[in-house]
Amino acid sequence: MASKKKVALVGATGIAGQQFVAALADHPWFEITRLFGSSRSAGKTFGDAIRDEKTGARRWWCEVEPSAELSAMRVDNSADFDGDGVDVVFTAIEADVARELEPRLAKKVPVISTASAFRYEDDVPILVPGVNGDHARLLTVQQKKRGWKGYVTPIPNCTTTGLVIALKPIHDAFGVQKVIVTSMQGISGAGRSPGVVALDIIDNIVPYIPKEEEKVARETKKIFATLGEGGLRDAGFVVSATCTRAAVIDGHTESVFVSTENPATPEAVAEVMRAFDGGSSLPSAPKRWIIVHDDPFRPQPRLDRDAEGGMATSVGRLRTDPVLDNGIKFVLVSHNTKMGAAKGAVLVAEQLHTQGML
Amino acid sequence: MASKKKVALVGATGIAGQQFVAALADHPWFEITRLFGSSRSAGKTFGDAIRDEKTGARRWWCEVEPSAELSAMRVDNSADFDGDGVDVVFTAIEADVARELEPRLAKKVPVISTASAFRYEDDVPILVPGVNGDHARLLTVQQKKRGWKGYVTPIPNCTTTGLVIALKPIHDAFGVQKVIVTSMQGISGAGRSPGVVALDIIDNIVPYIPKEEEKVARETKKIFATLGEGGLRDAGFVVSATCTRAAVIDGHTESVFVSTENPATPEAVAEVMRAFDGGSSLPSAPKRWIIVHDDPFRPQPRLDRDAEGGMATSVGRLRTDPVLDNGIKFVLVSHNTKMGAAKGAVLVAEQLHTQGML
Amino acid sequence: MASKKKVALVGATGIAGQQFVAALADHPWFEITRLFGSSRSAGKTFGDAIRDEKTGARRWWCEVEPSAELSAMRVDNSADFDGDGVDVVFTAIEADVARELEPRLAKKVPVISTASAFRYEDDVPILVPGVNGDHARLLTVQQKKRGWKGYVTPIPNCTTTGLVIALKPIHDAFGVQKVIVTSMQGISGAGRSPGVVALDIIDNIVPYIPKEEEKVARETKKIFATLGEGGLRDAGFVVSATCTRAAVIDGHTESVFVSTENPATPEAVAEVMRAFDGGSSLPSAPKRWIIVHDDPFRPQPRLDRDAEGGMATSVGRLRTDPVLDNGIKFVLVSHNTKMGAAKGAVLVAEQLHTQGML
Amino acid sequence: MASKKKVALVGATGIAGQQFVAALADHPWFEITRLFGSSRSAGKTFGDAIRDEKTGARRWWCEVEPSAELSAMRVDNSADFDGDGVDVVFTAIEADVARELEPRLAKKVPVISTASAFRYEDDVPILVPGVNGDHARLLTVQQKKRGWKGYVTPIPNCTTTGLVIALKPIHDAFGVQKVIVTSMQGISGAGRSPGVVALDIIDNIVPYIPKEEEKVARETKKIFATLGEGGLRDAGFVVSATCTRAAVIDGHTESVFVSTENPATPEAVAEVMRAFDGGSSLPSAPKRWIIVHDDPFRPQPRLDRDAEGGMATSVGRLRTDPVLDNGIKFVLVSHNTKMGAAKGAVLVAEQLHTQGML
């Protein structure tokens, strides 16, 4: 590869943006050449922009440190950016900001977004590599329809990601019909401003995360949709979610009950899960996409969230469920800020690149 | 009431036994007159028996302090106890010990047990006041069959208790058909020797509690069984549980999905739950058996476990479930060591007393 | 007592204000007759004002529920309040707001404040009942100097409170010379908007609480000051604090090292602590002001914070310290939102009432 | 280096032993050739020996996985081992077992021990590389005196390690006179059988760790001792510790107050700390031995424990202390199971190797 694709990162200084910086450090195909933030950060170096305004204290939240080069890079005002001069844009911004900004950028350049703003539009796929790579074709439809040179392609909500990866081999082999899921989600997904308040979560479970359950149900069906002439046709199955917050830093745990079209034993499900390969040649891809545990005490978020660099989905407790028709039940753990956010978005970019879409 | 019923407490010095001491403090109908423990405690006063052998430090785990009188009471060896001299026995011991000891005592005196040893025998009811009070009649069958003057009547597993209370008004009004439940259980139920190890649960969820799921499924069906000529006939519905442990001190949170025979709106379920009265005249009974929250962020274990002295079941997030036939979903919180253990057992004794069985 | 003193509560709807509502429920001497809040709350009933604006969910943080009467009481805008019509005002507001508001109210009526705004002014005592009740005389000086009918009297920072109570009997008996303290503070003191962010404190210690250490040092010396003709003369001793935040809901734990003028054995210190009575006849006062534990594993915040209704200071691990001259070291636990905040302020009001100052 | 030194690991299957396996993976100088455990593990492969006997579940607690080769290695009974056939032994066993076993092995081979059994004997140094490397000479005295070909050299308690590293540059530059320290220790140091019980630590601080404070005081003075003709002469300074347990997985946080002989500003202390190099050429050594933070919110155990692979000591909050003569105060974080245990012991072995003692 002659030279790396030029990347602009929008929303660079927040916790989600920092995760992109970490995810793209020493990336073989991509390099960050532009950083964008709010007017508050604009004009500062990245190193200065991540300092607390009052105390001057550095606020960096990832294990991987930013390079000296990146720390010295200037952060520009995203309000002034139109997508010029880069090959791809990653956005780590709130939905309402994304709704204004992303179409402007997509006129010129592909935009890979962590925001939910465009997830539910007809010509917008929600890509999960290994699960619905063929939906990338919908981006061409989007470009034509909207007259854009680029496109907007959002990744799913972090609770959806692990679920669809675990369901994919089951769906292929046995046909998913119904899904009931209860999530116990880590707090890092909520960010830091203010994110989850400690007084609410220590020695506690919070049984509600606004809008989360609708997202999980809607996105799961869209991700498993069939892409035909008339666009996406939602998967025929129904999803019912109860999403809760637990006193866990990183990692979403999900208790899943599935009804399949054709009978499936726990052993057979374990086998197709272990055999599942969502594309391990991509640089950010896990070697093992799904790690199936026999130990009934696994998966646990603290022990399993970082498996395969936070990119694997860990599954355990595979059992027959007596309530649903052809019922199977299991527990999964997925890293919400790695596979479920920035690294997952980079993986989408890698797949689009191999598909000639970047 | 001329004089109080004499109570023997077996397993008095452990954490569960201490909760009985707290639950029976100043009780209007019952008074502890005998305390029993292992050979290690035998011969000591209760106040001495709850001291750590190495350090001499007092190990008392309840909010309510034992009276001076009780602290001075001698603990005897339960191996030497045959039930003489008391009106009722409460046991707070492990299942394997209970299997030997409880039948010996039941020859002479009613035994109300927190152990699982006899829960699944045909002539043993699992009583939950307000839910299946009529099953108390089975105790007469048990007495005849076994030739005992007393009987053994166990309370359910603490995860079952909240579930069956929440299901009772639904079952009466709409007919429960299927139940899927994921629990996020507090750590106190596991006791202290060693109970849950901190290294396993901080910043974590453990997706497995040995034997718990089978107990929940089996006990729920038995509690809702019909008592006829031939004994108990299990309720026709199926229960599927995934039981997990969370970093919560007290209180079990359960995410429940129910299929009913007749259609039920969330509003209708809220109404029958609020109207449910399991018998509020008993001394230990809550005024409100089920507290239904409209606030979607409730119930939370830390905020709701102590409602009505830990005896209420708190329910929230009542919604329609799209997966199950006539599906309803909700979240409940129940206090595992109060309604789910000692105070719940005392409530059973109170009910049996009003039924003339004590 | 013919009738109760009329109380206005300013900052009623926040977490600290709610604690005043709980602290004054069924109080024998005081009754809340006016509630004040920001313009956002003004005009609403208290019951409505504590609902979340977006979700309508009730946000009540105390164990004691507000009465129906209080829930129906109108909240007025504190900007329009001048102190008329009440006998005493309690404030639960930020320091910058207090700086403006409290002098206006103090022209007409005594103001008992949880804010730090006036703590360090020469004519303002920081009262802790049982420790420096005689400093109340300074309020008369304040009134004269400022030409006020009322006065402002702040309670100390919540970390100071437990420390000065534990030091008081030591100082009286042996003469405190030097104090080194490391605090491990609960998160509830930081409130909820946003208070402590969960991502910062789970599985963690935060070694810094802005301004806290200065407050502890300064207030401790002022509380032990001698009040003479020329006003307060600071105690001669020095205090050095390191204040940290721990993953504890309520309760501040402090590791204290003290140098005394006259030699003191741990036994002698335990004796004077146990004998200390800060005035147990006041309605909110603990029976035992200092509970001294022999068990080396105590005090613990979760087990000891609620001792005596959260009004006791629990001390343990009394030992000789080899570093300081006549060194003594111990650990204390004090409830930061009970004795350290609203209930402590009510206790101050009770003492002022018995001193004829209210 | 022609070939690697042969290592025997005693106590291989416990959590501390596993950390040695991780610390020695791909080590350039050492390779594990023998594994020893209790009779329960003896005869099994290492892979089998770390499985739970009841459930068969694998119990592995480190990030680094054991190699296939090591997993297949047989675990032998340590009771049958006399030190033959290896160049060095690492032990990860309890003090009472160490007292019997380590002298037997030391007759033939150097033993580097994490146990406290021999720490306080006159001819036994407590080595911390970079702090008291010259004490290694005492091992020759030990060999002569005891007639051993090998020796026993224990590492310090994990709470001592970070403290002595932070004190070393202060001592060299300004002369440490007095030390007061309050620790807030992570739970992993207590192991898992049962280690810290969750019920004791969630939402809590435990103010006592048996024997810990004596170890910290005694070891610190011994580590800074002067080695002369007559052996070690303890450093003249006094150390006073209060050791507490916090709800932190890994990492010990220590609030330290130091009195120095010559005056030292916080800036000067920061400078000598940053300049401190304990020997960065050793394979396990950190590049930066002490990381000094200007951000007052650092160090925090969750953010800083893994700095430099868990081998750095992180220091922050350097301030003047007004209580002690020439007082300096600061907060440090040190990884208790990396620098404070197995990796720290490997570092000792590396240093002894460069000193020709292995």
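First chain written, first letter: the chains are A, B, C and D, and each begins at residue 1.
The criterion applied here is as follows: contacts are C-beta pairs under 8 Å (C-beta built on N, C-alpha and C of every residue); 3 or more make two chains touch, one makes a residue touch a chain.
Every value quoted in this text rests on a predicted model; they were computed, and no experiment measured them.
Number of steps on the shortest path from subunit B to subunit D, with steps defined by chain touch: 1. Between the contact lists of subunit A and subunit B, the overlap consists of C, D.
With B-C and A-C as the two chain pairs, more C-beta contacts join A-C.
Centroid to centroid, with C-alpha atoms defining each point, subunit B and subunit C lie 40 Å apart. Centre to centre, using the average C-alpha position, subunit C and subunit D are separated by 42 Å. Note on chain placement: the centre of subunit A and the centre of subunit C lie 47 Å apart, centres being C-alpha means. The residues of subunit A that reach two or more other chains are 55, 200, 202-203, 210, 247-249, 296-298, 302, listed in rising order. Against subunit D, in their complex, subunit A makes its touches with residues 55-58, 63, 202-203, 249, 294-298, 302, 306. Against subunit C, in their complex, subunit A makes its touches with residues 55, 187-188, 192-203, 210, 247-249. Across the complex, subunit D is touched by residues 178-180, 182, 184, 200, 202-208, 210, 217, 238-240, 242, 244, 246-249, 253, 255, 257, 259, 296-303, 316-317, 321-324, 327, 329, 331 of subunit C.
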